[in-house]
Every structure is written in C-alpha cells, then in structure tokens.
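Report on one structure; see the data block that follows.
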Amino acid sequence: MHQTFRLIIDCPDQVGLVARVSQFLADHDASILEASHHTDVQTGRFFMRHEISTDSLTLSYDRFIEEFTPLANEFQMQWKVTDSSKRQRVALLSSVESHCLVDILHRWHTGELHCDIPCIIGNHPQMKQFADWYKVPFHWVDFKTLGKENAFKQIEVLLDEYAIDLTVLARFMQILPDNLCSKLAGRAINIHHSFLPSFAGAKPYQQAYDRGVKLIGATCHYVTRDLDEGPIIEQSVKRISHSDTAADMVRKGKDCEVNALATGVRNHLEDRVIIHHNKTVVFA
Amino acid sequence: MHQTFRLIIDCPDQVGLVARVSQFLADHDASILEASHHTDVQTGRFFMRHEISTDSLTLSYDRFIEEFTPLANEFQMQWKVTDSSKRQRVALLSSVESHCLVDILHRWHTGELHCDIPCIIGNHPQMKQFADWYKVPFHWVDFKTLGKENAFKQIEVLLDEYAIDLTVLARFMQILPDNLCSKLAGRAINIHHSFLPSFAGAKPYQQAYDRGVKLIGATCHYVTRDLDEGPIIEQSVKRISHSDTAADMVRKGKDCEVNALATGVRNHLEDRVIIHHNKTVVFA
Amino acid sequence: MHQTFRLIIDCPDQVGLVARVSQFLADHDASILEASHHTDVQTGRFFMRHEISTDSLTLSYDRFIEEFTPLANEFQMQWKVTDSSKRQRVALLSSVESHCLVDILHRWHTGELHCDIPCIIGNHPQMKQFADWYKVPFHWVDFKTLGKENAFKQIEVLLDEYAIDLTVLARFMQILPDNLCSKLAGRAINIHHSFLPSFAGAKPYQQAYDRGVKLIGATCHYVTRDLDEGPIIEQSVKRISHSDTAADMVRKGKDCEVNALATGVRNHLEDRVIIHHNKTVVFA
Amino acid sequence: MHQTFRLIIDCPDQVGLVARVSQFLADHDASILEASHHTDVQTGRFFMRHEISTDSLTLSYDRFIEEFTPLANEFQMQWKVTDSSKRQRVALLSSVESHCLVDILHRWHTGELHCDIPCIIGNHPQMKQFADWYKVPFHWVDFKTLGKENAFKQIEVLLDEYAIDLTVLARFMQILPDNLCSKLAGRAINIHHSFLPSFAGAKPYQQAYDRGVKLIGATCHYVTRDLDEGPIIEQSVKRISHSDTAADMVRKGKDCEVNALATGVRNHLEDRVIIHHNKTVVFA
C-alpha cells in the first residue's frame, strides 16, 4: 500500500484551473497515482481529486498546505489535503443487529478498511461480545434509563473524548437530534434498509413486502436533519419474488446493507466522496 | 415450441387440493412440462400453474373445461385453462418515444413473443412509420382535436372492434380514465420509467437526478385507477454515477424500460402472472 | 421458524407420479409450505421437493419413511425425507484467508444458517482465533510436517469422528485426494474465486486481470475428482474496470466469494439442491 | 448535444505531463466538459481523454493538430484529436439473426448512436428487409457461391469503397481472415455470445447449458487474429436456473448481446476506448 497525499478540490469551474493545479503538482515532482475530475454543468461547479505518492513529493504535508493556500484562495477553492498514513478515527454506533457491525469490524481487522476504531457505542448491550473480541472499547448508553436527550449528550461526549472523525450508524435504530446532525455534518454515515427514496421511515422491508416490489435494496447516506433524506453515497439491490416472505426479504436485504455500507465507508475513508448540495460526487 | 394447455388456479389453501388436481391430470394422461405452486401464508391463498403438453391429453379444450368445472367449484377456485395455440390479441398504445414499441414489435416479429398485434394506437402520429413496416394498422387518435374524453372513447371502440385481449402502454403518456381502467383490469400493462414506488408521477428521471440516487430503474405494472400504484410484474435497474447527466439517465433508463416491459408482457402472455390483491405471483 | 419435513424425489418422469405423491401427503394431512417440480426434458428425469409442516402430519419421521417406501420403490425413486429439526453437522476447512470462514460463522451464530458446526480444520493455524471466539474446536493439520497424504488421512479421521454431514472448503487451498472426493461426493462444497469455467486453476484474479475482463466472479460448487469441474450451485459476479488493480479485484472478488458460498451452503442445508449428472437443480 | 473535440493521449507516464497538456488547453480557452486519466502502474503507461467544448476553443481543428504536435512529440504520445461533428462511418456485418442489427439501427435512427451507417453487408439475404426500412444500402455477399476467400475480398472492397471507419460484426457468424483482422485492427468490433473466456468457439449457449452455469453472458471485443481473444470492451450477464432450457438461454442471452454490443459501440464512437496490449481502458 502506497503512502499518499489526497488533494480534494471543490470550486467554481474556470479555464486554467487544472493547468495551475497540475503545474503546482509538477513543480513539486508529484507522481500522480489517480486523478479524477467532474464538472457539474448545472451549477458550474468543479470537483477534482488527486492521489499522489508521498515519496515522490519534495515537500512535507505542512509545507504542501502552506504553499498551496495562495492558489486555493485565488480560485476560491473549498479544499483539503489528507495524508493516507494518518488514519481516520471511526466510531461505530450499534443497536441489536450485528451484521453491519461485524462486517465493518472484520474488514477493518483484515486491513481492507484503513482506519482506527477506538470505540463502539450501543444503545443496547448485545454488541459488547463482538467489541470485546476485536478489542475495541464498548460503551453501552442506556436510552431507557437516561432518556433520549441525556443519552445523546453522553454519546456526544464520547465522540469528543475519542476525537472521532467519522461516526458510522451500523443499524443504530435511533434518530440523531438536530444539533448532533449539524455537528457531525458530512462526518456521519447511516445505512437505511431500503432503496431510498422508496420506503423511507420505519419497517421498510414490511413496506416493500406489502407493495410487492420485485427488487429490494439498501442505501448508504450521510446523516442530515431530514431523516432518510441525506446525500446518498451508495445503493445496493437484490432481486426478490412472490415466494419471498417478509423474513426472506430481511435476510436478503442484510446482504445489501452490508455491501452498501462497506462501500460507502471505504469511499469516505479514502476521501473519494464530495458532498454537493444534497448529492454526492463519488470518485470510486 | 410445444402446443400446451395452461391451467391456472387461485383458491383457498386446502389439504388434498394438489392431489385432486394432479389426479385429474393423470386421469387424462397429462404430460406436465412445468408445474409451479405458491401458498400465501398470510392470506391462506393457494396459486398453481400447470403447463401441459396438448398432445398428451385425452380430452379437448372444451371437454377439459367441462370436466374440470365440478372440481373447480368444489374447491372454490378462480381458474382458467388457456390454449397456447390461441394467440392473445395485443394492442400497443404509443406516443412519441419509439424504444419500447419497436422492441415489442421486434420480439413479436421474430417469434419471441407469442401473440397477435392487430393494431397500434398513438396519441401522436410519429409511430406510424414503425407500424407500417411491421404491417400493423396504425390509428392516430388526436387528443388535441378530440379532447381527452372523446379520444379515450375512440380508443375504447378500437380495443373493442379489434377484440383486444391485452393493452400495452408502451410509453403512452396519457392517464387512462377510471372506467377504462376498470374495464381493462388485469388486461392492461404499463411501463413506468422509475423504480416504483420511488419517483411516481411526472419526470421521474429528473426527480432521480435531483435526488442523487445511485441506481435508476423501470417498473412494469398492471394499470389501475391509482396511477403508478398497480400490481408490479417486473422491475429492472441500472447503476449510475455523479457523472451521468439527466440525459444520460434517460438513455440508460430506456434500456431498463425495454427489459422490464418485454419481460412483463411475455410473462403475462404465457399466463405466468396471477394478480393477488395489489401484488403479483409470477411463475417465471 | 416452522419445523418441517422435506421430501426430495428424483426419478424417471411418469404420468400419475405427482398425483400419487400428493395423495400420499393428503392422506396424512400434510400442510405443504413449498412445492417445487422440475422435469429435465432431455433426460426424462423428474425432480420434486416438498416442504411440509411437521405439526400437520399424522405420522412420525420413521413412519413416514416406512409408509412412503413402497411408493418410492414403485416409481424407482432416489429419494429422502429430512427433518428440519435435525441439524446437519458442518465442518469448515480453512487456510489463511478469513473472509468466507467468518461470514459462514457469523450467519450460523445469528441463526441464518441452520446447522451445527462441531469443528474447524485448518492447514494453517491462523483461523484458530475466530474458531475460539465462536467456541468451535479448531484442529490445525500441519501439511508441512505431516506431508499431504498423512494430513488428509488425519482430516478424514476428524470428519469421521465428528460425524460430519457437510464439509465446506472455505478458501481451503488444498486439493482433496480422489478417495476423499469420492467419499464426500455430494457432501463437500468448495468456493472457487472465479466465474467458472473461466480461470480455473491457480491465481484466477491474476488471470482475470491479465485477460482484461470487465466482470469478475466466484463459483460455489460440489467437490469432485476433476478440480473446478464439479456441479455448480451458485455464481456471483461484480463489475470491474481498467482502473481496478489485481489487488482491487481480489478485494471485490471476496464479496462475490462470500455471497456465492453463503447462498450455496444455505441451499444445500435446506435440501434445495439436487445433483443431476454434472449439474444441479436448485429449488431456491 | 455539444459539439466537442476529443483529445486522446497514450504515452509514457511522466511528471509534468498533465500540467503541460492542461496549460495548452487553457492557453486556447478550452472549456473541458470531461477529463479522464489512468495510469497503468505495471507498464508505466499513461492514458488521458479530454472532451472539450468546440465553441470555447480559439483554434480550429487543423490548427489544434498543428499546435499540439510539438508537445505530443516531446512526450512521445500516441494521440489523436477527433471532432464530434464529424461522424464515423460504420458498416454492419450481418448473418441471419436480427436482434443486434436492429438494435444498433434503432439506436442510430433515434440519434442515440452518433455515426453514419452507409452500408449493411450480409452473408445471407435475410437482413435486407431491415436495411431497406432504415434506407441503408444492403449488400448480400454470397459465401456459398463466391467461396470464403472471394467473399471476404468483396467485403474488403465494400469497406474501402464506403470509406468505413468502424466495422461492427452484429452476430456475423464468419471468421475474418488474418489480413482483414490486421487491416481493421482497432476498428472492428465483434459480439461473442458468451462470457469470455468461458465458452469460446462455437455454440456457447449449448456449452453453457451442458456445464450448468448459473449466469450466462455476452462479450463485446475488438476483432483480432486470435478468435475470441481480442481486447474486451464490455461484458453483460444474466442469471439463469435449472429450469432454463438451452432455448431459454439463447433468448436471455440475446438481451446480454444487445446490451454489451450497444455499449461497446457507443464507447468506441465517443472515443472512450483505448487499446493497451490485449486490454482496454474504457473512460465510460
């Protein structure tokens, strides 16, 4: 695995922009492993992602930021450069279903997901067994005893104390309060067990069963104040038929959930996702 | 292609039912090419489809009906037996988009779809060119001149005169009046250009573009009074990304429409679809 | 979950067969939850699977066998009836890759796969950590020290001692000797990391990368003497592009492997798979 | 539809390359609608495609070539710039199956495929009916009368006379002679009715049926001297089961063929495909 810097740019589209950025990179001997561009013609917005071999560069991370800033300001960029050797800190929020949680943990354990997982938080205690095995501290925040407001305050404290970069709701069945949604904007990912916008809200598999659809799915999206309305990162579907019961749909849907969440989280961790209004650019 | 009788049964589930039906078939030497069963546990309803080699049977179509009727009555069946050598008469309703129309015509022309197509009806004249080539009479019903009510009366007259069994709305962009929906219940198939229930109503591709979904689709369903709410026969999806414009989504979506409609129509023509409340059993 | 008997029949196609079997079931008050039929026209062979609610039946498992045997003999059936409450005993054979092993274990742990897993056998010790957590005895059979012949003898002893019904090669990278293939015929399932028959043999992902295919896949099949040639139960594919390295293909392929193996094993455990020559009938 | 220039570059990877190309484009006010890059790390080869709004450019097509040439030479580029307003001339080679031919013709007729189709050539006369309707000259080259060698000479003459840019073998069941393969290298596209490299050669659906695979497919590839071994542009698959006969597989496979060929041809016509050794980079 190469050490890389990832340069992510989001700015008004202008002639000469790519030339200037490319020249900057060439001036510092950047060996570019991946480069992706996208222009949103409707909004005149330009998006760019470069993955650069760290070894090739003649400047450090701090110097990169310092030297690139004037160019970024000139082109009114929203931008960041990240260092792949600095792993993001991910908190997993769980409830009683283990499939998404265990899948993320296993991909992390085997090195497929490059991140640290300093804590798992559950509104029920059941997931502690998996946390223990993977040697990740588990915090049971008891919503029943604490009440919803205090419970979320405690979660917020935990996320702060652990200096969490990304919060993943791995079938966490609680709705985040508005202030937490705002605080975690662009840094909290949910998996919804339907092919959104179909079957938003509760019991999507039962809704799908009742409607008689021929495909079920799952949607990985950023958490926003508007429940199930956040920017979609990834969706996955599976074919079903009349012979599938609601229970069969739950079983098949779990595979969709696992796949969509793992893909969404990996793309986020590799800085491949840029949020634009209520949509995403995903340089996968 | 074998000549077959297709026996379709929909009745309350009861012990002994399959034995009695199977015994009836055995008593008349039926060679069964396909047999499919389904029990809807929630409603206690049983569905069965047999495809029987005509040559093997020791009774004619009329005698089959006569002899099977007592058994059907005993078990309170809704049932039918159809003869594959008697082709259904299909009317295609069209507007200005040709992709679904031409696909259906070509599959019919090459013998993939076993039916007659005695007429094509358009609310615009553009599809006449394709109708002419396939030597199918084309009727332009001019909604602008006639007004919607009279136009649909004229369509109803045409469907009656041509003794149409199945009406296929091949991207016909007009909403059928309630009385026609009722009259054609279970005998009119529509293709909606979204993955229903997502993006019901107008401009589904624009809706999908605006929502930023990562998969688009199409839905083939029976026409009912509740627009876009009828029993779904088939759905098809295709992956898209941020780089797809609304125009790209239209282009990719057309392939979904073509596939879902062709599959839905074929399954209907082969008596593989049974409507149960607002859902379908599809013995594909 | 219902307790069920599953009646699996494989015999020459004959008129009256279904009637007789159905009458037998009706005579004993069988409530049929699922019934599936298939006729292989080329070989004149008939396949049938019934899933029957145990509670509905007026005879025990042993009496069922006793009473059905004359009918089975009359129609020259290869047949079995299984009791869903009697779980199959599954051994997992592993090497150094954990993704398939952990996925099967997790589906078993959460009750999705109805079986017992009395042991895991590894030709390397690495998987012991997962076995320990799931509290399954782990046996390291050291191929280097023992030599291949003795190692497989030891595996055979273990399979016998644990009275194993189904052996699952969860990315076990050793080729079974002929005698063991014969002994386990129809009771050993392998996952091959390619879309067979493409890229049989070693390093399929590298082969796929070198050939420049646009989809990769995995194949779940029964083990036979002819390596990678056994009856296929399930296949799964995923789209790739020029930007995927051989390492990306390995990562994406793992998801195919996990899905194909889990589906294949579940279908086998639910007696949904019938081997016919070198192919399978899968009543999924 | 924008008028665009498409700049396609294939050269050794070097620092500064993108900067120089981007600067060249910026110097001539290029508004870049799409930019795609790929580095093949194994071979150190770099691939780039730009789609540039013609209106934005301050130089003509001829001047573009003239001015870009020194830069191209400096970086040892294999390169081309194409003008989207200059349609490629496509010949369709047909036999007796119409599905691929009619699909391509319809997409061309409705403007989805931007090209001219000046002629259709058939080794059998059946496709003339479709050619006539679309008002495309049809040439029946009678292989039986002429013999294979003379027949192909006549085809070569036709391709020359019509100044064909791209030859599409739309289920043309004849193997091109080596000299024609060489002459048309990178300019002839075939659709093979299997998921290559599985089932290369004759009767792939029968091969697939005999092997008992659970997915069938089709492969769109460039024609080379090594039959069925050319660089793959696109592949498409569809799920099948034991209940599909070889005839069902043919029917389902046709949809794969149609989709893979249409996608492959469109990508080629939009200069999205670059051949690299025996593989393709597809900037789709």
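Just so it is clear, A, B, C and D label the chains in written order, and each chain counts residues from 1 on its own.
Throughout what follows, a residue touches a chain if its C-beta (ideal position, glycine included) is under 8 Å from a C-beta of that chain, and two chains touch if they have at least 3 such contacts.
Just so it is clear, the structure is predicted and the values come from calculations on it, not from any experiment.
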Reference chain B; chain at largest CA-centroid distance: A
Candidate from B-C, A-B or B-D with the same interface as A-D, over half of contact pairs in common: B-C
Approximate Å spacing (C-alpha centroids) for the pair chain A, chain C: 36
Distance from chain D to chain C - Cα centre to Cα centre, in angstrom: 41
For chain C, residues contacting two or more additional chains: 34, 41, 243
Topology of the chain contact graph, where touching chains are joined (line, ring, star, complete, other): complete
Chain B residues within the chain A interface of the complex: 38, 40-41, 195-199, 211-215, 217, 231-235, 237, 241-243, 245, 278-282, 284
Complex contacts: residues of chain A adjacent to chain C: 34, 98-99, 102, 106, 110, 112, 133, 243, 251, 255, 259
Residue numbers on chain A that touch chain D, as the complex places them: 15-16, 18-19, 22-23, 25-26, 29-37, 39, 41, 56, 239
